[in-house]
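There are two complexes below, and they share chain A, which is joined by chain B in the first and by chain C in the second.
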Partner chain A sequence: MKILILAGYWILVTILGLLYMGIARKVTARIHNRYGPPFYQAFLDVLKLFSKRETASHGVMHSLGPVIAFAGISATLLFMPLGKGAPVLHFQGDLFVVLYLLVVGPLGMALGAGESNNPNATIGIARALSLMLGYEIILFMATLPVFVHYGTASIYDVIVKQGAFPNWAGLKYPLSMLGGLIALHGLLGEKPFDQPIAPHEIASGPMVEYGGKYLGLLQLWHAIGIIVETGLFINVFFGPQNIVWFFAGTFIVFMLAVIVNALMPRFRIEQAVRFYWGVPLILVVLGILQYYFWR
Partner chain B sequence: MYNINLALLAILAGFLTFFGALSHRVLRVASIVIGIVGTLVFAFLYLKPDTMEFIRMGVFAMSFNLTDISRFFLWIIISAFTLSLLPLIHEERSPFFYLYYFLAFGFASLTIMANDLLTLYMNFELTSLAIFAILLLGVRGDIKKTALKYIIYSLVGAYFYLGGLFIKFKYSGNIGFGGIQNVSTLTQIAIYTLLALPFFVKIATMPFHNWAPDAYYSASDSFTIFFSAGLSKVGVYGLVILMLKTFAELFKSNLYLPEIIAWVGGITALLGGIYAFMSDDAKKLLAYSSISQLGYVLVGLGLFTPYSFSAGIFHSVAHFVFEGVLFTTVAGVIHRLGTSDLRRMGGLIKKMPISFIGLLLGIIAASGIPPTIGFPGKWLLYEAIIMKGDLFLVSLVFFASITAFLYSYKLVHSIFLGKLHKEHRDVKEAPAGYVVATIIFLIPIIVFGVFPGVIFEKIYGFTKPVFNHDVFFTFNSLKTQIGFVKIPVAGIALAAMFAFSFILYLIAGRSYRAKQEDNYTAGEWVDEDFASHYAQEFYGFMRKAFGKLLDLSAEKFWNGVLTIFKAFSELTRRIYTGDVRDYALYLLFFLIVLVFLVGGKL
Partner chain C sequence: MGLFKISQGRSLWMVHFCTGCGAVEMPPTMTSRFDMERFGIAPMATPRQADVLLITGYLTVKTLKRVIMVYEQMPTPRYVIGFGSCTVNGGIYWDSYNVIKNLDLYIPVDLYIFGCMPRPESIIDAFIKLRKMIEEGKANKWKDYIERYDWYKQNQAKLFDINKWRVQK
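Right, the complex of A and B next:
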């Protein structure tokens, strides 16, 4: 029974993720004063990609890459609570399990893209990994005071313990929340932090040699990834008390990122990493100091 | 049966291999195999808890004791040694090389069985000497300079240790592992620092690390397996035994010492990781990764809470496993290609699939992804630091752990992915010894990753008397006050999702194999000679991001120390000129001063 419910949630998240992607394209288009594709475009794309008759592959690892990526993010989703009360494998919605499982997907894709012998792909991966040195530590340091405040390392316990609106951890630790929001932007890979993809420079980077069902799997990976990544932020800082609030929160945060994305140019990679070691680092350090001195 | 016969057996096997290597190739291989079998048979049948003592002179005696801790670390060294001998079968070196190899193992095992600080010192130094001799028989780079660097670091560490030993003897009246009573905290810290220094050197803690990358680079490739996976554990063992037996009270009561050591470990982990992903040589990259991973071990040991201490020891086991497999596969690749330069490799995945799988699982474990052996130690370490409340330290350690992804990917991509060069078209899978060692290393990576309790139970046996803490593990789960993880669930979730996603992949249309050059290049013509392997300056842009940070180097620091030292010696030389007339003058001055001071009373 639990497995069925889990599967249901998993399908729901996939559908909503694709919907978010479609809406994002529409929103971006409206900001650019274009008409834009319909909001269900992402579904059509995935359907089209999966119904291609034949796809080029560069070898076993190249084929397995997207498979591992999709499997990794789906497994992470199982450990990510969708707000309070949603029966995920949450008894171990442990921060470190989630953070490390979150890497399995990108690692799989990196290995797959690497086998393609296209330098654009590898440059994209090298950039993505380097960017992690920027945002990942900020995200971690931002969430740290919240977890310590509630004396747990479990994401689910943090949601339960912080409670509804006026008690949100994001309001208790506003500086950490702000730092976390900036880090989330890099995690989502939206401009000005889209160096790994950088369509005009390195031809969409890791994805350059992927088409057909491989790209389809990567699209699904991206769709679930959006919800898991924004969900981590929402769960920690805004403790969604039910699943509706969870999705509303992730949608708002994602749209915020999309709007910034539509307005921004792109950093050079070292500028992006440097940026994270500047103001965001100060914000999250202040957040930790706030935990020590002004709880 | 005495346990120390293990060392005698190793020395005997060393001489056997020496003569074998002198006479014929087949005899050399046969004697190495005899060495492996003999060591394992002895270890399985005759290692028993047992004390022995000989050559007693007053309070000094050479004594050996196989305690739980010794047995734990001895098994790591025995496994690393026997596994590294498998690739050694394929390496042709001077006969002396094999002799020193076995000697290094013999003395290392005696170091671990030693029951007092002096015996430990003696065997520790003999191990260093054997390693020095092996480094002198290195294969690439500036061999003599490297070996000298190693032995100088080791000797300086040893002299400090000896000094510490004398001071300890003065205060406690014995040279055993027992603690020191009625001594001020500051003196205890001083003694601890002196005694622990050679072990810090051995695990290449910054700033005592810069012998390591050169030594790993120039040493024979099979030996580096044993060097990193096995011999570095002698250093870990030294630190563990000093902390648990001699200075437990100091570490429990003092607030600053644990923090300082943990921070040194954290900085080592971070800088080691950064240097690792900036190096362009496979062996140097692995050397820095080894330094970095031992940094986590030091964080865990230094912090000295029951959880962190267990995590540190667990991670040192993990270090043995994944550094072992990484060095083995890389040694195999170097054996086939004849170079360790990452920029000259690439695309070997189809040629050396087993090595690829070995290296892949090795880097996954090194990055700490569940359900491999790298995960439980890191997980417990994070939770331990958070429980201790040092949020900046846990951030530092987390930052260091991100660098692992960077150097891991650089390693696997530069060797196995990307473009297969024309001259490597006929490369074959690594020889049997390498492959067998790789496969054996892969078993513990998964087994102890899913069931870490097996190892934690052993660790609990010797941390319990010191910390008196509760059991925090079952065979497949870990539980602290703030978190809980059941590792098989993560593994099953991953496996199930992989199965599902694989089915999706299978039912959605077929795929055809594209040629290597069949790529999207925006219209540019690509043929075999097109340089499309991205390996040069892999993370070159990070040079700009790090800026001055990369200029930091221990070499410069020690050169600065040397300059001060030289200036001081120069000053001393002005006084001690070696000229008798000067000394006569000093004597005259002294007499005059004496007359003035004492005056008429003379």
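Right, the complex of A and C next:
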């Protein structure tokens, strides 16, 4: 029974993630004053990619890279409650499991892309891992006061304990919430922070040698990743009371990121890391101080 | 199988090989004025991710080598669109000593767009026609390249030594 529920959540999140991607392209197009592709375009893209025949492989690890990335994000999904009343697996300390499993995706891609011997892929991987130095610290420090406040290290317990609207942790710790939002932007890889896959500079970075079914798997990885990453933010700071609220929240946060993405140019990599170690770091440190002095 | 065909027709990712002056017609086609993304057509950065190879203009013998390398890297099913008069009969370069005259002697071309230059409307029109051909199962020139590989290689060998130009590992 639990397996069926797990499979149901997985399918739901994949479909909604692809839908978010399609709507994001539509929203970006409207901001550019274009008509834009239909909202189901992401489904067509994935279907097409899975119908293609790959002509070349660069070795075993090159083929396994997308599989590792996809498996990593699917495993993360199991520990991510979809709002209150929809936890899949939860236990004390699952926050740390989620934060570690989130790294498996980029790591799998790094292993796979590294074997392709393409210099663009190597640059992309180096950029992805450098950028991680920026946002991972901010993300962890932003969630820290919330978890200390509720005295738990379980994402599900935080949702249950913070309750409905006026008691949102995001309203108690607004500075941490703001810092977390900026870190989330880097985690999603939206535009000021899309150095790892900059298509105009390094020809889509780690994905440069991936086409066909590999790229289809990476698209699904991205689709689930959107929900998991925005879901982490929503679960910690806005305590969604049911699954509808969860998806509404992730949608709003993701659309915010998409709008910023459509309006922004791209940082250079050292500018991006320096940006994260500036204002967002001050914000999240103030959030931690707020926990100690006026909680 | 029908669903795959529809998705292949409605999600055409292209790598536009900007060889000649035709490339100047691509920016207005992609951006706000003509917006080819509304038909699911998106520019891609690498040949591995692409379905359509768009040859925009004349090809010298030297660029032809690169085009063949790009074409052979694309995963199947793959399509080629020849863009402008230069790919059909050489265009204004009809008597040039180093520009190829008929593109489809060297790589299989599914569709030609006539004109010098073709307008963005006709580029989008060509993509719509390619979509119809894919949905009807007529865009099968990539199979022709596999079946008559030696014929294409013979034609290429008349222009240059095909064994020498490849990068040896």
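The rule we apply is simple: the second predicted complex is superposed on the first by the 290 of 295 C-alpha atoms of A that agree within 3 Å, B and C clash if a C-alpha of one lies under 4 Å from a C-alpha of the other, contacts with A are read in each partner's own complex, and residues count from 1 in each chain.
Methods note: a contact is a pair of C-beta atoms (placed from the backbone, for glycine too) under 8 Å apart; a residue touches a chain by one contact, two chains touch by 3 or more.
On a predicted model such as this, the values are computed, not experimentally measured, just so you know.
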First (chain B), second (chain C), both or neither touched by A:R25: second
Chain B versus chain C as contact partner of A:R53, first or second or both or neither: both
Partner chain in contact with A:V208 - chain B first, chain C second, else both or neither: both
Contacts of A:R34 with chain B and chain C, given as first, second, both or neither: second
Which of chain B and chain C A:P199 touches, first, second, both or neither: second
Partner chain(s) touched by A:Q290 [first = chain B, second = chain C, both, neither]: neither
Partner touching more residues of chain A, whether chain B or chain C: B
Which of chain B and chain C A:Q241 touches, first, second, both or neither: neither
Shared chain A contacts, counted only where both chain B and chain C touch the same residue: 51-56, 203, 208-209, 212
Interface residues, chain A side, partner chain C - complex: 25, 29, 32-38, 41, 43-45, 47-48, 51-56, 199-200, 203-204, 207-212, 215
Chain A-facing residues of chain C, complex: 3-4, 6-8, 10-11, 13, 31-32, 35, 37-40, 44-51, 72-77
Chain B residues touching chain A - in the complex, by the definition given at the top: 347, 349-350, 360, 364, 367-370, 375, 378-379, 382-383, 386, 389, 391-392, 394-395, 398-399, 402-403, 405-406, 409-410, 412-413, 417-420, 480-486, 489-490, 493-494, 496-498, 500-502, 504-505, 508-514, 516-522, 532-534, 538-539, 541-542, 544-545
Chain B-facing residues of chain A, complex: 50-61, 63, 66-68, 70-72, 74-75, 78-79, 89, 91-92, 94-97, 100-101, 103-104, 107, 110-111, 114-120, 122-123, 125-127, 129-130, 132-133, 136-137, 140-141, 144-145, 147-148, 151-154, 203, 208-209, 212-214, 216-217, 268-270, 273-274, 277, 288, 291-292
